[in-house]
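Quick notes on the structure that follows.
Chain lettering (A, B, C and D) follows the sequence in which the chains are written, and residue indices restart at 1 in each chain.
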Amino acid sequence: MRNLKYHEAKLEALRELMEEDERVHLIGGTFFSLSPHRLKFAAIEKAWPDRVAAPPISELGFCGLATGAAMAGLRPVVDVTTGSFLFEAWPQVVNEAANVLYMSGGQVRAPVVFHMLHGLRGGGAAQHSGSPQAMLWNCPGLEIVLPSSPRDVKGLLKAAVASDNPTVFVDHSNLFETEGPVPDGDRIPLGQADVKRPGADVTLIATSFTVQRALAVAEALASDGIDVEVVDPRTLVPFDLDTIMASVEKTGRVVIADETHQSCGVAAEIAARIAESGFDHLKGPIRRVATLDVPVPYSQPLEEYIGPSEERIARAVREATR
Amino acid sequence: MRNLKYHEAKLEALRELMEEDERVHLIGGTFFSLSPHRLKFAAIEKAWPDRVAAPPISELGFCGLATGAAMAGLRPVVDVTTGSFLFEAWPQVVNEAANVLYMSGGQVRAPVVFHMLHGLRGGGAAQHSGSPQAMLWNCPGLEIVLPSSPRDVKGLLKAAVASDNPTVFVDHSNLFETEGPVPDGDRIPLGQADVKRPGADVTLIATSFTVQRALAVAEALASDGIDVEVVDPRTLVPFDLDTIMASVEKTGRVVIADETHQSCGVAAEIAARIAESGFDHLKGPIRRVATLDVPVPYSQPLEEYIGPSEERIARAVREATR
Amino acid sequence: MLPAISKEPLLDQCRRMLLIRHFEERLIGLHHEGRFRGHYHVYIGQEGTGVPAISLLRPDDLLFSTHRNHGHILARGGDPGRLLAEILGRRDGYNRGKGGSFHTSPRELGFLQCSGVVGGILPLGAGAAYAAKSRGAGQIAVCLFGDGALEEGAIPETFNLASLWKLPVLFLCENNGKYGAGNAVGAAQSSTMAAYPLTDLPQAYKIPAVQVDGTDAGVVHETLRENIDAIRSGAGPRFIETLTVRWPGSETNWPVVKAPTTVELAWDASGAPEDVRDWYRNSDPLLRFMRELVENGHVDRDELEAINRSVTEQISAAVDFAFDSPYPDLAEAETDVFV
Amino acid sequence: MLPAISKEPLLDQCRRMLLIRHFEERLIGLHHEGRFRGHYHVYIGQEGTGVPAISLLRPDDLLFSTHRNHGHILARGGDPGRLLAEILGRRDGYNRGKGGSFHTSPRELGFLQCSGVVGGILPLGAGAAYAAKSRGAGQIAVCLFGDGALEEGAIPETFNLASLWKLPVLFLCENNGKYGAGNAVGAAQSSTMAAYPLTDLPQAYKIPAVQVDGTDAGVVHETLRENIDAIRSGAGPRFIETLTVRWPGSETNWPVVKAPTTVELAWDASGAPEDVRDWYRNSDPLLRFMRELVENGHVDRDELEAINRSVTEQISAAVDFAFDSPYPDLAEAETDVFV
């Protein structure tokens, strides 16, 4: 199997999507944010000038446009840059795209993909660090995808575009330099959690970039004799509770690490589900390591302090296994 | 103490606010939705024509306008009609109002109140039945108020306007005809949960209109010998965990009934907090009775089926006490 | 004037206008009888826009409408029984009861979304036009919406996108606020819009825009024919505003029929209550259409009576069909969230 | 031309322009040295708008700006040390390090919000104007924003509200896209805006709108003086667009100083790299201002050198101040969420 950097796997997915299906159109093009890799995207723009559109600064308008194009038969992937800017498009995403299949009684599909980079990125402050996936999980009708490895970003992006439902693809720029094996193969079905590291003592559920932190914590704690199982749901909708419950039944101890804000965040929902279905297996309280309930501060030490840092994750795992 | 209908108490609060503080301006005026009580609001418009403004259909613009007016010294109460339409104003609410105090390092306050009617209202279907409070709880910087009785709507509306923070006031039109005692007095401080009915066997936490359903269920189950304690948080932010934990320590059994969608909903967060702080007191899993994770259907039997009906609440309480 | 088409299609238009009118009047009656719940909006007074406009579309064109969609669906050939079943939340409704009045949206007729969010469909319509353009087969998208929609920021954003990308989309704005309460004649069309005439806004985005009398089906037909041809041939988006006087029955939130429509009424409105008589005499596009049909010698009043009778019979059958349809199974509540 | 004011305030404007210029050039240097992280935007090339415009405001006027706010803060008399401390995320920054570059917003100078969300401030500014109007003391609100903001739907919504309610708000649009890459001269100001000239959009909403040369501080001053007087006296909102040519150093996402600003450069740009020389000769509002000061006999070049020296010394002190300021205590992360 080849080893690729995350940004390479993502670019490869975009290229293959364009090659394989002419219904795929890209609306907006900051799939690589301000990173140097954005320059490589230019080759895609050049190869398919009629299928890559540069929209005005009108997130509401162009996310709605992409949704309408999907309803009319295309497979648009629309980029809103930062999770914070998806809020600009909120009415089209949560009132139109999410509802159309249901409201129409199954008549109309909107297979659009909304792409963005979420989370604490180093100096993004309160208005450029948004992680909208928890809010979106409260809106039925949207699939939510959170890749965390080169293999996942490729396989999940291809699956998101292939899906007949509206899908929110929430990426993280801190992952771009991560390296890992990428099979030549294809889609990773939505709704399959991935045990990123097997372990016996405690189930550490993590999402997106926090998976990488969780793996680092697991390695570090291994030398202290704590055997951590890291489980990555990979998609929130659909959600693979079975894989998670299998781990919880084995370990009886749960820590959830995620970058959305704590209240009504991703960790809250996962905690509530485990507590509902697995109450009898739990040996102690479920611990959440989420972003503190404060707007994101600009200053570096403050930003690091509020996020799900390795230090906070490690502390929670130790407490859980004590 | 006087007995008032809910709509009367709400109107009284609005009138007193206008009388007591000339910084209070009303932007938009559908505080009583399409109900006949909306006609009574006309008297307020007539008494203070310069302080009641009828905006165009521009929720984003006028919610931002109200926020800016608050930053510049007024105390605007802005009405967005239905919870679903707050989504139109999302960028101004979550990116501007919620962040300004923090982002400015404490320099600038935005004491605005966003008013709306949320939830399943009978035929509102997918686009007129929104309950944005769960999403908003994931956005630090906003106070969230959910009245459920005549006394609460008056006391909490007055407190919301007096607060120096941006506050989302989430009302429910099904409450309008509820009758109850209303003290002459004044504000109910934000952050005080209310034990709406004391009981020994199970803690039933409910919000907004669902509180009324919870009370009805509690009465019905009393005859079966199940003694239900109904606790109404009244505000999600600030959240009074102490009152709730006192109840949980007593009963050891918890059901949460709320009208937001289940995933990352209000019940998820309350469940996660109780499971964190009160794990050792719990005699069984926490049960959530939330709106099913589907867009809101129009058809009456379907709409009733997906909501936190008395039947579903009663079933959950029975299961919890079994 | 009448649309410049032959007798048969003219009578077909008349028939569809009558169908809309009787459907809505009956619907109001059913609501007053308490036979369904939920809010709804009627199209009465705007038939002179929807019927001629929609008659010009191809079967593969894509339509988007709003909360005021009943007339558009019937103008497009929708089944009044399935429309009513949807409004009643029944299983045989176009959306299987899940959408209701605002959202009834027959895909088989080319409707992709009827949104209850004011302004919500404009970005979607531009998107459907984007898809149509990428296919390049002359297909167009049509957005049917009210004057109020222009107050939403989604609309100028859409105008910009549609203009820059020359999308084949028709923006058909039905301004039912002419002489609206509180507005001076010649002043803002809506009391809450500074940009007037409304055509100033699309024009700022270099979208050709025309304002026409929406009670004159012939002018509507002619204007739309030219503009739809232009859009189809690749000229980019067009904006047409049709002006109508709001039907007095819909001035409150809950419509009331003050003068039930008859063929007779087109020639003698004296039976209508005084406060609404002027509307039926001067602002009703349907009654005008019928008068012009007779004046131009296409039909006589007896023939109109016959059409009218057949329409009312059709409505009665539709009402029976809709009420006979059961509510959906409860299991339906959990389907169609995802494909 | 120069603003029609006396020598002292003219020199004050010159001083502020130089302060902005040297602040930004130094900031770019610090970033290249890796001495702070985070994204930032510089105001170079737009000093001819911000300095004369802001000089016309009253102390109680309320200001809103964007990600490109450094120049506005310094023009208003902001302390470069506290501004830089904020950009570095330090405790002595205007926002105690919590806001950063985009959001630095000194309340004591009348700034209420600098938003990193394109278009985000316009509704807020209209709201501050609403409050000002309700107090009725001639106070106004000012929104300073870029040409790109007009692509956001929040802006037309705000134009409508401001126009309908005659709010005392100045919309000052700094169009730094003149001759921008890919745009034909005379075509769209921005490659993504169909409404051009941009003034067409506010005008559609009946907001008087003027386009002026943003490299000519005198014209900017004169135009703004008239319009601010009008707004203050209750005439409602105004829209002014100042056109500047984007500084070549900010063409990438990470700015580069290709020719450090000196007094000399105003008279001899031959030392600047060839590809940017034209900008310094013909499009730099600061160098033009200095030339005009000398041509009009207000100062000689030596006096300018003296001002320039004192400004660079001020910047050095500011840099020391900012780097000496510690990071905030971690406890600060959890304060200011609520009052």
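Throughout what follows, a contact is a pair of C-beta atoms (placed from the backbone, for glycine too) under 8 Å apart; a residue touches a chain by one contact, two chains touch by 3 or more.
Not measured: the values here are computed from a predicted model.
Asks: Taking each chain's centre as the mean of its C-alpha atoms, give the chain farthest from chain A.
Replies: Max centre-to-centre separation from chain A belongs to C.
Asks: Can you give the whole-Å distance between the Cα centres of chain B and chain C?
Replies: So the centre of chain B lies 37 Å away from the centre of chain C.
Asks: Round to the nearest whole Å and give the separation of the Cα centres of chain B and chain D.
Replies: So the centroids are 42 Å from each other.
Asks: Could you give the separation in Å between the centres of chain A and chain B, each centre being the mean of its C-alpha atoms?
Replies: Chain centres of chain A and chain B, defined by C-alpha means, are spaced 30 Å apart.
Asks: Would you give the residues of chain A that are in contact with at least 2 other chains, written as numbers and ranges?
Replies: Where chain A meets two or more other chains at a single residue, that happens at 55-56, 58, 60-61, 84, 88, 91, 95, 102-103, 125-127, 140-141, 293-295, 297.
Asks: For chain C, which residues are shared contacts with two or more other chains?
Replies: Within chain C, residues 95, 97-99, 103, 115, 117, 120, 151-154, 157, 160, 164, 192-193, 337 contact more than one other chain.
Asks: Using the contact definition from the top, classify how the chains connect: line, ring, star, complete or other.
Replies: Contact pattern: complete, every chain touching every other.
Asks: Which of the residues in chain C come into contact with chain B in the complex?
Replies: Going through chain C, the ones touching chain B are 37-39, 86, 89-90, 95, 97-103, 115-120, 148-149, 151-153, 190-193, 253, 327-328, 330, 332-334, 337.
Asks: Once bound in the complex, which stretches of chain A touch chain D?
Replies: Interface residues on chain A, with respect to chain D: 34, 54-58, 60-61, 84-85, 88, 122-128, 292-295, 297-302, 305-306.
Asks: So in the complex, the part of chain D that touches chain C is made up of which residues?
Replies: Touching chain C from chain D are residues 151-157, 159-160, 163-164, 192-195, 200-201, 203-207.
Asks: Show which residues of chain B lie in contact with chain A when the two form their complex.
Replies: Within the complex, chain B touches chain A at residues 84, 87-88, 90-91, 94-95, 98-99, 102-103, 125-127, 134-135, 137-141, 236-237, 260-261, 263-269, 271-272, 275-277, 279, 282, 284-288, 293-295, 297.
Asks: Any idea which chain D residues touch chain B in the complex?
Replies: Residues of chain D touching chain B: 62, 64, 93-99, 103, 105-107, 112-113, 115, 117, 120, 122-132, 134-135, 141, 153-154, 157-158, 160-161, 164-165, 335-339.
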